[in-house]
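What follows is a set of structures for review.
Two complexes come next, and they have one chain in common, chain A, joined by chain B in the first and chain C in the second.
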Partner chain A sequence: MTKRRFIVEPRGLVSWKVRLGVPVASVLAAFIVAGIFLFLTGVNPIEVYSEMLDAAFGSPRGISETLISATPLILTGVAAAIAFKMLVWNIGGEGQFILGAIVASGVAIWLGDGVPSILMIPIVIVAGGLGGAMWASIAAIPRVYLGTNEIITTLMLNFIALALMNFLIFGSSSPWRDPEVSTFPQGRPIPESARIPEIFFRLTGGIFIAIALAVFAWYLIGKTRWGFAVRIVGDSSDTARYAGIGVARKILTVFLLSGAYAGFAGGLFVAGPVGALDPRSLDLGLGFTGIIVAALAGLHLIAIIPVAILMGALNNAGPSLQAIGVPTATVTMLQGAILIFAVAGEFFINNRIRRPDIEPDEESEVTPVLEEVEPA
Partner chain B sequence: MKEEYIMARSRWRILAIMVVAFALLAAACSSSDDTTDTTAAAAGTDTTVASGTDTSGEVLKVAFVHVGPVADKGWSWAHDQGAQALKAEYGDGVEITTLESIPEGSDAQRVFEDLAANGNTLIFGTSFGYMDPMLAAAENFPDTVFMHATGFKTSENMGNYFGAAEEARYLSGMAAGAATETNLIGYVAAFPIPEVLRGINAFTLGAREVNPDAEVQVVWTSTWFDPPKEGTAAESLIDAGADVIAMHQDSAAPGQAAEAAGAGWVGYNTDMTEFAPTAWLTAATWDWAPFYITTAQQVLDGTWKSEAVYGNMADGMVVLAPFGDSVAQDTQDLILVRESEIIDGAFVVFTDPIVNQDGESQPLGDIFGMDFFVEGVIGSPTG
Partner chain C sequence: MNESLLMLTVMAAIGLGTPLIFATVGEILTERSGILNLGVQGMMLIGAVAGFWATFTTGNLFLGVVIAIFAGAALSSIHAFLSITLRVSQIVSGLALAIFGTGLASFLGRAGGNPLVGNPSRAVFEPVFTGSITEIPLIGPLLFGQDLLVYLSWAIAAGASYYLFHTRMGLSLRAVGEDPASAESAGVNVSRIRYTHVLIGGALAGLGGAYFSLALTPTWQDDPIGAAGWIAIALVILSSWRPGRAVFAAYLFGAAERVQFTLQTLGEPWSDIPSTLLAMLPFVLAIIAMIVLTSGKRARYLGAPEALAIPYFREQR
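Right, the complex of A and B next:
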């Protein structure tokens, strides 16, 4: 065997410094590479980045708008992450989000005025979760009992959900459609009592609900006995089966929980800034972005919160860039660059590259077993 | 070993799924995005840094928000032409910021508020779906003037504007009625809403004035701007026997389909002769320049008042496009006579009562809530 210049070997125990440092470095690297690209197209990257920073965090109103955009992404991110942890490939967050919005707005309209906010808002959000879980169950039950491929079924259900929402508003005189506006079909406003109050500019209390739900998911998966069993299933279903864990049931529950979180996002979005089943306001790809958020956060349920805020900030910066003559597509490019670098970074989290003649430090001397049971 | 294999495999799965998710997301946003690159260079020349440091009271900062790319050569492009005329009129006296491909819906409120916070004192939103978000932004920024196209809500500092396209639609219908030999005209239409129904009805009345046997068959696309879908709809109408295609869409795709099939074409929004020079007959088009200049002047003078503006051919907001080569001279003369009658008020497009699709006479009602088809239209007015 010829002597190699570099050796790639798995890291053993991955320290928290690496876990945190590599993703941050990945994001920075993405900004640098995208900056070179911007520079080559004749745009000053410093000006672009300072404009983006200013738009997203430069004013109290900007911060409130960033958090508004982050709110649904936290939940669709958690939805994707809890499924992926279990090796359940639910990429139907988009459809489950829409169904959450449909059921949440439907329940709010059906209950009408007269239910106090303190009851109405939780009911609407829970209804959204049920809607999302219900939509997920269409893919989850065949996955668990018939072994269908959930990647395909959840993906297809996204388009069906979108078509269903469009039908309810554009194609029929459903209860979701506003009967008072004849000029153009639009959603019927939900009762004022179902709207989450604004606390800071347009930001509603929904951000706290989203964070609380994310923390709850983290606790559930990472700290409870049930979550421990779920993680074992995710690591090795054979081991889980050997340990007497009901694998099918666990997978089904996690799949539905994942759908419920996407549905919470839909319910929260309707009860928050949108206030109606409005296809134009809801068809923003928030479910798809959630998958990216989950992946960037390394499926860590708490890390999803800052990552969602970063993605929300990037999203909002687009129009501001146009105002200085830079196309919105720049933001899409940046998001793509961040994604690629984060995926590459994932490799460096789990592996190290060293010269064969240099002895590894003590870090890798630790047996790699611990990684397998590390909590969320 | 197996676990390692599963872990490795799952990592690749995550990678693959992320790429798919990103592709889906990019596709979801890209239908209008892909032209931004070409237009940004042009936009860059007349846009300026919206820094919020408004030191000079002389310069009027005006912003335009469009739902599609301004390079669509249709609806948004026509508005952008108006914006450029405004710039040409005032030169350094105005600073224009143009934002394109901004989705309608609640998220647009942020965009309007950002513009207002950055010192724009006059903000135009050129798509219907901006109405409610703009109304909310107007409430938060009471010192900024907001103008919304095609809507029906106004407030203290938000007005709306639109125009009687039906006048030019009627005239373009005359050109189509004279051109058809199969007596079937295909109409590719976006959504079954009063604005579109008004256009179809006016067009049909015009076509049947010169050709009482002509019928207009309507196909709904449920989109304002989707070139492949619009083109396919036009092809299906040609297959059904139509030899002239009309449209209420923002792209030139129906015209290109007509050109390929040797049919005639009545466009919309702008003079699109270049896309189908043989098929081109004429079109109802918009000239927003006079309105934008007038509004800017009112804001500068402090005389602006919130109102609902409905322009027409007489004030120049609605214009009949130049005729194509295939429009016979006597047809052109006939149309020009009608045009002058419309402009001086001697002729009105819709009469009360009016004969509906079933051949029955009915009251005209409010044309802004029009929900029926006139005699000669084939299709459903509810979509």
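Right, the complex of A and C next:
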């Protein structure tokens, strides 16, 4: 046996310092990597980052826009997290978000002006959730009853949803399309009574609805009997089966709930700042960004809220970069790098690495599993 | 449908299918080692931008292809390290690669003082053969009217098929994907095989991306490959992890992507179908094929590698 250079062993209890420190380090590492690319293309990364910081948090209006961007990400983040916790690989947040927006705006337009806001707004948001759940069911039902791989089906459904939205606005004279505007097709504005009131510049009360829905999901999964059963299924479906838990139904429900949360995001976005089925405002990759949010938050449903604000800040800062001659895609690159480091960070949350001649401190007094790490 | 239109459609299907062959065969080899890499879209885009950049800078088409291959492999090495050495979730890691690659490619296409975006390529892949041989009815254009990379895609698919099923190394590869613990006790280095085949998958995805930017649509734009990388992942399953079948699956999807142009040429009433609806076709086709071909009992005969997407812990045998 060759001499070990490192010993990797699972941590016993993971302290909160590690849980917090690793994601923070992931974000910093991503900024450094993106900074290298910025530097190589001839711009000063510090200047770019301070511009972004200023755009995202430098003014009350900037903060308002950051929170607007964060609102749907809280919900698409929860959507990804509750599915991934159960090892349900719902990659279709994007499509479920769009269907949420389609159904929510459709219901609002259909109901028209007569319904008071106090009824209309909840109806529109619930409609969004139903739209998302319905879209998820196209992948969820074959997954649960036929064993069809949900990664592929949910992915493909994203593109179908996008094409459907484009069809409703650009490809047909559907009720979603504004008949007043003939030059460039756009979405018909939803009734004023369906719009959530603004509270701080363009920021609507939707941010509180999103936070409340995230807290509700946390309570449902973490504190209820049903959530307990769901977590058992997520840990081991065999254990769950022996305990008499209906595994198929639990997986189906969580899949649909995940779709509903992505759909809530779509409904909330339409009833909030967008106000119509507008492809340009809705096709922003918010479903995919939700996966980044969920991963960086360690699938913790409350931690998702601050992480979504961080990602919202990045999304909000993107367009401001054009003014200084830096591509908006810097943000996507940064977010991708954040996800890469967050995934790598999982390893450092779950394991510790030490030199063989140094004894571990008391923190991990669990049976260490020794193994060799090949030098990369 | 008249004959020339059919021919046009078939030729277009071959064109659009070629990058799918590269990416799908690459992903088949990766998945055969037990590693799922969902980052194909990112690796193809990086290949597309790197290849375009190299050819744009030097005017050399061959160099563009080589750089694209290295760029795709370089990006895939991140996934290899995360999934093989750190053993994190392959699904999330692959998605991270897809997002990062998409962002980086778009960034590189627009960054700097003289950005690539909007520029045509300085060299483009043209059909290899000219003259009377391409005028033979039917087989003339089909067999002799293609560019070099189309022939290369056939060679790679055939070579990969031979490698997988008729060589000792192919046997080791399949063993690692089915049962890494047994493979290891038979003296196979699981990590090395997995690293190698993730890199090969990345290299071929990079090559597939370069086919877009150097042959199909040789002008740099932000979104040059559509959803090809995501389609390729579905094609791996639909071709049941066999490179030979991947060729036919890729051409079928190439034809599906082409269908809106074909229908427009056919005239009324076909040309009345909105293109936004036809854009759904490849994805609807993929979902239906997934449900029909891979569900229930049929899944067992499909031949998915047993150990796919499962991290391998040597000490926990």
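By our rule, the second predicted complex is superposed on the first by the 358 of 376 C-alpha atoms of A that agree within 3 Å, B and C clash if a C-alpha of one lies under 4 Å from a C-alpha of the other, contacts with A are read in each partner's own complex, and residues count from 1 in each chain.
The rule is simple: contacts are C-beta pairs under 8 Å (C-beta built on N, C-alpha and C of every residue); 3 or more make two chains touch, one makes a residue touch a chain.
The structure displayed is predicted, hence computed values, not measured ones.
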Joint occupancy of chain A by chain B and chain C, clash or fit: clash
Touching partner for A:335 - first (chain B), second (chain C), both, neither: both
Partner chain in contact with A:228 - chain B first, chain C second, else both or neither: neither
Which of chain B and chain C A:273 touches, first, second, both or neither: first
Partner chain in contact with A:316 - chain B first, chain C second, else both or neither: first
Touching partner for A:142 - first (chain B), second (chain C), both, neither: second
Partner chain(s) touched by A:281 [first = chain B, second = chain C, both, neither]: first
Which superposed partner A:57 touches (first chain B, second chain C, both, neither): neither
Partner chain in contact with A:200 - chain B first, chain C second, else both or neither: neither
Touching partner for A:160 - first (chain B), second (chain C), both, neither: second
Residue range of chain C overlapping chain B upon superposition on chain A, of 97-105, 133-141 or 151-159: 97-105
Interface residues of chain A shared between complexes with chain B and chain C: 84, 89, 91, 151, 155, 166, 170-171, 288, 291-292, 295, 326-327, 329, 332, 335-336, 339, 343, 346
In the complex with chain C, residue positions of chain A that touch it: 37-38, 41-43, 84, 89, 91, 138, 142, 146-149, 151-153, 155-157, 159-160, 163-164, 166-167, 170-172, 288, 291-292, 295, 326-327, 329-337, 339-340, 342-344, 346-347, 369-371, 373-374, 376
Complex contact set, residues of chain B against chain A: 2-3, 6-7, 10-11, 13-15, 17-22, 24-26, 28-30, 33-34, 36-37, 39-40, 43-44, 47, 49-50, 97-107, 109-111, 113-115, 117-118, 128-129, 151-152, 191, 193-195, 222, 368-369, 371, 383
Of chain A, residues touching chain B in the complex: 55, 59, 61-62, 65, 68-69, 84, 87, 89, 91, 94, 151, 155, 166, 170-171, 182-185, 202, 235-236, 238-239, 273-275, 278-285, 288-289, 291-292, 295, 316, 319-320, 322-329, 332, 335-336, 339, 343, 346, 350, 372
Residues of chain C touching chain A in the complex: 38, 42, 78, 81-82, 85-89, 91-93, 95-104, 106-113, 115, 191, 222, 227, 230, 233-234, 237, 274-277, 279-280, 283-284, 286-287, 290-291, 294-296, 299, 313-316
